[in-house]
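The next block holds one structure in the form of structure tokens; read it before the comments.
As written, the chain order gives the labels A, B, C and D, with residue 1 at the start of each chain.
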Amino acid sequence: MDKTVADLADAIAVVEDGATVMIGGFGGAGAPIELIHALIDRFRATGSPGRLTVVNNNAGNGRIGIAAMIDAGMVAKMVCSFPRSSDPRAFTEKYLAGEIELELVPQGTLAERIRAGGAGIPAFYTPTSYGTELAAGKPVAEFEGRSYVQERWLKADVALIKAELADRHGNLTYRKAARNFSPLMAMAARTTVVQAHVFVEPGGIDPEQVMTPGIFVDRIVKVVDAAQEEALIRQGVEYA
Amino acid sequence: MKLANAQIAWRAAQDIEDGAYVNLGIGFPEMVAQFQPSGRAAIFHTENGILDFGEAPAAGEEDWDLINAGKKAVTLKPGAAFFHHADSFAMVRGGHLDVAILGAYEVAETGDLANWSTGPKGVPAVGGAMDLVHGARRVAVITDHVTKDGKPKLVKRCSLPLTGVGCVTRVYTSLAVIDIVSSRFVLREKLPTLSLDELQSLTGAELLVEGEIINLNVPEI
Amino acid sequence: MDKTVADLADAIAVVEDGATVMIGGFGGAGAPIELIHALIDRFRATGSPGRLTVVNNNAGNGRIGIAAMIDAGMVAKMVCSFPRSSDPRAFTEKYLAGEIELELVPQGTLAERIRAGGAGIPAFYTPTSYGTELAAGKPVAEFEGRSYVQERWLKADVALIKAELADRHGNLTYRKAARNFSPLMAMAARTTVVQAHVFVEPGGIDPEQVMTPGIFVDRIVKVVDAAQEEALIRQGVEYA
Amino acid sequence: MKLANAQIAWRAAQDIEDGAYVNLGIGFPEMVAQFQPSGRAAIFHTENGILDFGEAPAAGEEDWDLINAGKKAVTLKPGAAFFHHADSFAMVRGGHLDVAILGAYEVAETGDLANWSTGPKGVPAVGGAMDLVHGARRVAVITDHVTKDGKPKLVKRCSLPLTGVGCVTRVYTSLAVIDIVSSRFVLREKLPTLSLDELQSLTGAELLVEGEIINLNVPEI
């Protein structure tokens, strides 16, 4: 079994118009910049994939990554907890102009909904957002005298993930706090596409230390000198 | 004439693709792993938190922290991974397995499966059976076509407590290969020595025929 | 911060009469035999703790561990998925005599209920057991045309856990498939008691490889030569 | 006369026990970490998956894969751990944190908190605020006692969109320390230079007094 693909363009070829795309990362940590930019390249060359729903904790920063996707006009909707950043122009402008939809989800609920999508749990109850406007229209229930909101699973057509180590079966590790949403998104997407920094032979990751088992991974591409989003932003890099 | 268990397991193994993620139920289904066609390597999942385990170790070489769901000692293949029970059943329930192959007391034409309880006597035990019937893209059963008393195990409606509703998609028996399509048994393969009427008389619900019935040819094992 | 305690007796002193006790392990892998036997010693000496509800995948094997707890008469109820084993006499005899209660839970539902208890999720929906007698009396709901059963979280007063490495903050690793239910139970118990094979200084476990973070752990005792339950059973050992 | 932000943070830090698991909200609450009494070491949790992180690294030494929820670079203490977002919020929602300290636009005497939205204008953002107000054993707020316009931030009922209902248990302000007990503000400490009447006039709901009011004494910082 070999899930590696030749290059970035091949890796992201599975993303279709109108797809829901989960993108790993929290701020710059774990952002799969090269996969995102390959998706933008394809959109610029072919006009596809457009009308995307993007799931990420944030809604882009500066003029690279998800922000550059929004600038390019590929994103119809963001599902996120915190669409602000040190330079949130891309999302803010489109949002205030009514050109992009926003589903705002509390961060823990976002994580749990994605996990539920991956774990075959169609709905769960959480205390989070009870009594607030973010619970409007959602069923509520009482357990042991406390009130909870029913939340639904969140799934995706494709997840884009940045890993540290990978083998060709798709076993992954993540670097430090770049882990964040990535193991959950890998579970919740029909097709999980990974850019990995270092490739090892199967067995090269201690079986006890695999963070995402290969069953959750479909396509892997090697990106040796992966950029770090936050570092790029501080260098003033723009992908435009 | 009927297939031996090893031959049923062999037949089931032929339908497992290279690289498929597979869970084999405890007992008879575990035998399927022995008969993968050469050139194919499925990745086996066990409920207690291993992907890509291999054969039993030599006697005396067992590590009892390295066991499968049947509590038998196993080994690891390169690329194996350990994980906890919630992640393990996320793989099951979340639809990440390609195939689950299970034993059965009864299978109904509706796809209902009874394989965990023979009734209210004794100590009940369910293990992961009720989870495994949900989530795998294909839930197959391997079983003798009839009980030891000669009664059909493929029935119109299960009489024993259910494991799951409408979950089985294919049944490999000692006599035939049968798909479940739109709550009906559809005969795909049967032993060439057996007439359709004979097979029907051993089956508790109508067997539909769509197109050719293939001869169920299995090597001596 | 130092969560280590002096000895096994001290470690299990927190278990009270009538408590719900989660015990890690699947078959013999991960069974905290020394903690269990210390609990039995205390019961024999003092008559306490009794009337326990024990949560484990199984219901004991042979004449040691959970089986010996049942033999000793400490266990009022088992919550498990598979109360059978190579030598299930202890549970079987008490069950058939009506002297022990059984809550039978499908294995994946058991794992998810325990995780939910640890994660503050009071209830969730699962396809597992829908239409079976194990769903009797439980609420059902339909999502996207498919039927699901509502299951409740499962919490405990105490969890007894066997770890491989531990530091005094309670960060843990597990050996091979001895992990199974233990990380979940550590989350779901008010007090988590750990026996660890090897102690390391804080930082001695790579932060990326911590399997149970210390926030889920309360009391740790060093058991250098921990026995393996299955190995004991095969040696014919009885704790009676 | 009122306390500076650093002094409010100092006062809040005095109530954090040695070994407590603590989440500090983004911004002003992060300052609390600087004022732990000597001999005590709390363990700080950040939503993006770290326990036991430490101070910011020196300029130029940042590792941008090692950040806190405010996206600021941090360092690790010995005994730190990484985990994914679902596990991180299991710690929050599951009641495993001892204390969460958050900022506020408004706190009601009912314990309701408004700290995420100033209304329908602009781009809404919630982050982990709605999760953090549930689960921690103690949810405390640090805040100026009044807004920049001099209006009370401690009110009878919040006028801004809620973050959570009945969740706050203690408020550390620039003038006082106030507990919320049975949906009422109970004054515990106040600046000695301020009369109870003056404090009441700056507060939007009645301040109850139960026993002695302690002088809120905070060092110059």
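The working rule: a contact is a pair of C-beta atoms (placed from the backbone, for glycine too) under 8 Å apart; a residue touches a chain by one contact, two chains touch by 3 or more.
Bear in mind that the values here come from a model prediction, so they are computed numbers and not experimental data.
Asks: Most remote chain relative to chain D, going by C-alpha centroids?
Replies: Chain B.
Asks: Counting C-beta pairs in contact, does C-D beat A-D or the other way around?
Replies: A-D
Asks: Return the distance between the CA-based centres of chain A and chain B, expressed in whole Å.
Replies: Inter-chain centre distance comes to 36 Å.
Asks: Between chain A and chain D, what distance separates the C-alpha centroids? Give it in angstrom.
Replies: Their C-alpha centroids are separated by 30 Å.
Asks: When you check chain B against every other chain, which residues touch at least two of them?
Replies: 50, 82-83, 86, 89, 92-93, 134-135
Asks: Pull out every residue in chain C that's touching 2 or more other chains.
Replies: In chain C, residues 112, 115, 119-121, 126-127, 174-176, 179, 207-208, 211 touch at least two other chains, as defined above.
Asks: Quick one: label the inter-chain contact graph as line, ring, star, complete or other.
Replies: Topology of touching chains reads as other, fitting no named class.
Asks: With touch defined as at the top, which chains are paired up in contact here?
Replies: Every touching chain pair, ordered by label, is A-B, A-C, A-D, B-C, C-D.
Asks: What part of chain B is in contact with chain C in the complex they form?
Replies: Going by the criterion above, the answer is residues 46-50, 63-67, 71, 82-86, 88-89, 92-93, 112, 117, 122-131, 134-135, 161-165.
Asks: Contact residues on chain A for chain B in the complex?
Replies: Those in contact with chain B are residues 1, 115, 117-121, 167-169, 171, 187, 201-203, 205, 207-208, 210, 213-216.
Asks: Of all residues in chain A, which touch chain C in the complex?
Replies: Against chain C, the touching part of chain A is residues 112, 116, 119-127, 141, 143-144, 146, 148, 152, 173-176, 179, 207-209, 211.
Asks: With touch defined as at the start, can you tell me which chain D residues reach chain C in the complex?
Replies: Answer in residue numbers: 18-19, 21, 41, 43, 45, 50-52, 76-83, 86-87, 89-97, 134-135.
Asks: Going by the contact rule set out above, which residues of chain C touch chain B in the complex?
Replies: 26-30, 57, 81-86, 88, 91-92, 95-96, 102, 104-112, 114-115, 126-134, 147, 174-184, 211, 228-231
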